[in-house]
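Okay, here's the structure, questions in a sec.
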Amino acid sequence: MTALIFFLFASIAVFCGISLVTQTHPIASALSLIGVMGSLAILYLQLGGEFIAAAQVIVYAGAIMVLFVFVIMLLNAGAEGTSLQMSNFAKYAGIFVLAAFLGLISFVIQAMLPKTEGVVFGAFQGGTALNIGRKLFTTYLLPFEVTSVLILIAILGAMVLARREI
Amino acid sequence: MDFFILSLIKAAIIAFVLLTTLAYLQWIERKVIAHIQLRVGPYRVGPHGLLQPLADVVKLITKEGVVPSHVNKVFYLMAPFVAVALALISIAVIPFGPQITIGPVTTWMQLTDLNVGILFVLAVSSVGVYGVALGGWASNNKYALLGGLRSSAQMISYELPLALAVASPLLLANTLSFREMVNYQSGYWLGFIPRWNVWPEILGFVVFLIAAFAETNRVPFDLPEAENELVAGFHVEYSSMKFAAFFMAEYANMVTVTAVATLLFLGGWQPPFPEPYSDFVPILIFAAAGVVALYHGLHPARRMDKFTFPATGLLFLGIAVIFGVSLLVPVLKTILMALFWFCGKLGILLFLFIWVRATLPRFRYDQLMRFAWTFLFPLSMVNLLITGLIVALSSK
Amino acid sequence: MFLWLIPILPFLGFLINGLFGRRMPKSMVNLFAIGSVTLSFLWAVKTLVGLSPLETKYIEHYFTWIQSGALNISIDFAIDRLTAVMLMVVTGVGLLIHIYSIGYMADEDGYYRFFAYLNLFMFFMLVLVLAQNFLVLFVGWEGVGLCSYLLIGYYFLERFATNAGNKAFIVNRIGDFGFSLAIFLVVRQFGSLDFTKVFDAAKPMPTETSAGILTTICLLLLVGAAGKSAQIPLYVWLPDAMAGPTPVSALIHAATMVTAGVYMTARSATLFTHAPIAMDTVAVIGLATAFFAATIGLAQTDIKKVFAYSTVSQLGYMFLGAGVGAFSAGIFHLMTHAFFKALLFLGAGAVIHGLHGEQDLRQMGGLFKHMRITAITLLCASIAISGFPFTSGFFSKDAILVAAYERAPWMYWVGVLTAGMTAFYVFRAWFLAFTGEYRGHAHPHESPLVMIGPLMLLAVLSIFGGFINVPHWLEPMFGERPENQTLAWLSAGVGVIGIATAYLFYVARPGMADGFAKAMNGLYTLVYNKYFVDEIYDAAVVTPVVKGSRIFLWRGIDAGLIDGIVNGFGSRSRGVGNILKLLQSGNIRSYAAWVVLGSVLLLLAIGFGGATR
Amino acid sequence: MPTSVPVSWYLILSAILFGLGVAGFIYRRNIITVFMSIELMLNAVNLTFITFSYTLKQVDGHIFSFFVMVVAAAEAAVGLAIILTVFKNRETLMIDDVSSMKY
């Protein structure tokens, strides 16, 4: 069951990721990204991160991506021209480099990761809102506060940037 | 595989009831608004227009589904599907009643329970904006686009006070699960005041309701589909079942938010009176309704009333009898009482939605945004702070 | 006892006047300036009364300032009998001069600025006096130097005033350099700067008959003291410092700051007594200064210059006292000198004020009938400085001379000669100013009461101040001193002779002085031009330094070497940057490609570089 | 079909998604798409955090990914505002047209 769900949503995620990169229209890319996020949320749930899964959907899909879609609609961004200003050589070289990159990462992961038992749903119960909240407000209190300041700065920055005359 | 079969049965029941309710909700809305405006509303199809929803469904299905030539086809077709799917999905975590045991099976009156059920509802509702936004954009029509843009901005803005208003009862009950939230609200102060969150959280409840109106794009926040300026907003290019899907999504969202409001603030299926008295309330209500209907049947104003009133009266009396019988059968009593109180609260809130629609004018767009950011958001923030303070003080 | 209140009060006055004085009326400025000093004086009196008889040192520790290895320097204030004398002189005379300034400065621009600086000076001077270690003393030392610089250059629109300020500051740098070297040596030798610790450690050390570490320290201290107290060869700044307002000359350049060197020498008495060579040097320098300054004073025509050289000369006396071991006599003379020299300057200021800025003695004369009180008070000061019997100068100067006679009789005789000259030039100035016919063009008038009041008070102190038995008060610190009535009367007699000569030259036979000057033309020119010391310094020190800096340091080192190195770095960096800048294409995707390439290489290194497990 | 999934598969999935994000960043020319590629990379990293959190049975990874989300939200707000401004001033969303920040 775990494996089934993993393969289902992993393939959805990869498919959506490929779609993100290859689609010419920004809206299509954005929806693909939402697909990735949704399937990742399921995988988080599988890994015992129920709070983080909900936060993933609320924050990423529900807020950040809405903002993206909003901006795309606002700018009425059309489809990207197909003519990539890039030689075939660069394209294939790039793909090769990326493939090498992925292969290397996979190799390193396989080689360096200690052998542990596989993921079973429900084996880790620590990702509840209670645990996260407790940790967040004790051990990670300072980063939390700093992050809130960061958000405040971001709000101000966004407002200043989006004002009419710049 | 017991789990699957059980879930399947529950899903089938809930889907059937929900879809029927949605269809009839529309009938109720038209009827109520008509009566408020001193009209009679749908009257032709069936007695008192009771079969009108059926006729509407048939009409919408059989109409030609026009796909305009200038639209972005994939997204155009996807949008209503997304809207309705996301609207229906959150019903899955809404509990309607307590745990029940029928024969060998023990289960909750709920499709599934999540530890983070409230977060789930929030997540799904926050994603729900895509249906409207996408439909508006894919229509390739400037009115539709404006509607979609407005809807996304509006929903993002009102999600904040909504989430903050939800956070206050969460703080009180210290849980994210709907079941525990309802359990927390059981019992009575001084023996007769129900321990519902609405009393300490009256401010949060009001904020939640207002934000819920905005989230569901209902009057007075129905700017995405403002008829007089945007023709019909995001669904101007939609027809037949695709149009119906948007409609259904709106009503489903209404049911969801009212259900959440009931669960968070109004004690879910907990009766408002202590145990022995609350058992007789439904019997009394239905019996009284039946008696009144029978009485009217004795003095018919129209020819038809000679049959319809007694029939309705007998139906109500029958229901009253069922409730009476249920007092003797514990299983039935649990189910019926929970359903009665839950649906009663839900119905009152839904009536409020309709009532407001018939009463209030629409906001202007800048007023809408200013209201959200400069009034509702600070208010909910203050409410959350006060709640936090109270919780901190009372927890020693 | 809240010793810190004593210096901090004037500092508050400085802050208030310095920050807000520009917008305040003069009465408010007065209130804060005078009020703060008055409170400080009263607090000092209260403290001394509370601590009397002050047989041992009273120390207050505030906080550790510098903690570095074994060295531990803290902010401490202390009071002993020496400090008590200095405290009274500084706050008392300071207060009188503050009051006097109200009248003198009434019409000047930057009124608040003057009082702010004056208050700041009081703060630093009190820190200097109260300091319990060399470094805090040095802070006060430098602070008073700063205030002196600021106040000399008070009329900063005048070229000569700023030049005089610069000269004072630069000459003082030489002395301070010596002082700081002495402090370093003290740290190296004793591992501490605290007075008690240093002197306790120095006490058991043997007296150095030849040059040793203590001698070096003392000689370097002497350099510092000579700079601050205007001794040969660093005295040249003090006469020029008269460019400042007259109250400044009275307070800083007569009564208090310039005596800091004497105070410091007396404070370090324990060190000096272990270094006889340094003691002799102090005595000889003091005596030489006293003598030469007195000779210069004979021929000056500017009334303030006369008193300035007189100050240098009297400071020489004090150093002589310290040098022959009569520290208490030196301090005694310091106190009486503060009274009568402050009075002389303030009186001169009153005269100048009454003549609307005229300072030249040749433009005065016959002022007695115009400003009687000023004339009488100045007369009191003059007889006091001349050592007329039973005036304050008689007791203090003779205490020094008697001690000098104990040490070496020739010192005594030179000292007595100097005393005669002192009497002569002071009375020369008095006679030139107040007797005879008025030679100037202004309309002389008496000064207001705020100026006359302090004059009268100081006159009383000048006459009767000698009966305050300071040497006896200081006995527990510096030991008993011999007395010799005969020698005292002898020097007093020489003083009277000086007065009589002055009367003869400038009142009885006015032509005699010019004839005398013509007769000894060469000598007169030499003395009139102050032995050409300024010119010699110019040629020997200033010009070579300026030229050398211009040619070698500026053109050679700065422009050639340092700029060359910096410019070389710059041009090389530009060359490298011209190549590297091609990486910055402005194209985000190419940056990303570089990052990816880099991470792939990194992964390669990890994957195949043996980092795998 | 195995009943449990090796942890490394999650990591490899994360790597694949990250690689796709890199590819999108390099090959796409629309600023918004490039931005979304960055979000994809962040998501991939989050998956890694959650996976390791599972492996180590500690909640800290969740906290990290929580912070990543928050920072991503802030970044999106500012980044989109910048994109809006760029579009207002230059009438273009093509990343190659916005390359005046060079030597």
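For reference, chains read A, B, C and D in written order, and residue numbers begin at 1 within each chain.
Operating definition for what follows: a contact is a pair of C-beta atoms (placed from the backbone, for glycine too) under 8 Å apart; a residue touches a chain by one contact, two chains touch by 3 or more.
Just so it is clear, the model here is predicted, and its values are computed rather than measured.
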| item | value |
| --- | --- |
| Between A-B and A-C, the pair with more C-beta contacts | A-B |
| Between subunit A and subunit C, centroid-to-centroid distance (C-alpha), Å | 76 |
| Separation of mean Cα positions, subunit D and subunit B [Å, integer] | 37 |
| Gap in Å, rounded to a whole number, between the CA centres of subunit C and subunit B | 92 |
| For subunit A paired with subunit B, centre-to-centre distance based on mean C-alpha positions, whole Å | 33 |
| Numbers and ranges of subunit C residues touching at least 2 other chains | 593, 596 |
| Touching two or more other chains - residues of subunit A | 51, 55, 63, 67, 74, 94, 98, 101, 105 |
| Where subunit D touches two or more other chains, by residue | 22, 26-27, 29, 96 |
| Pairs of chains found to touch, sorted by chain label | A-B, A-C, A-D, C-D |
| Contact footprint of subunit C on subunit D as seen in their complex | 22, 25-27, 29, 34, 95-96, 98-103 |
| Residues of subunit C that touch subunit D when the two form their complex | 581-582, 584-589, 592-593, 596 |
| Residues of subunit A that touch subunit C when the two form their complex | 94, 97-98, 100-101, 104-105, 107-108, 111-112, 114 |
| Subunit C to subunit A touching residues, read off their complex | 593, 596-597, 599-600, 603-604, 606-607, 611-613 |
| List of subunit B residues in touch with subunit A within their complex | 72, 74-75, 114-116, 119-120, 122-124, 126-127, 129-130, 133-134, 136-137, 145, 148-149, 152-153, 155-156, 159, 176 |
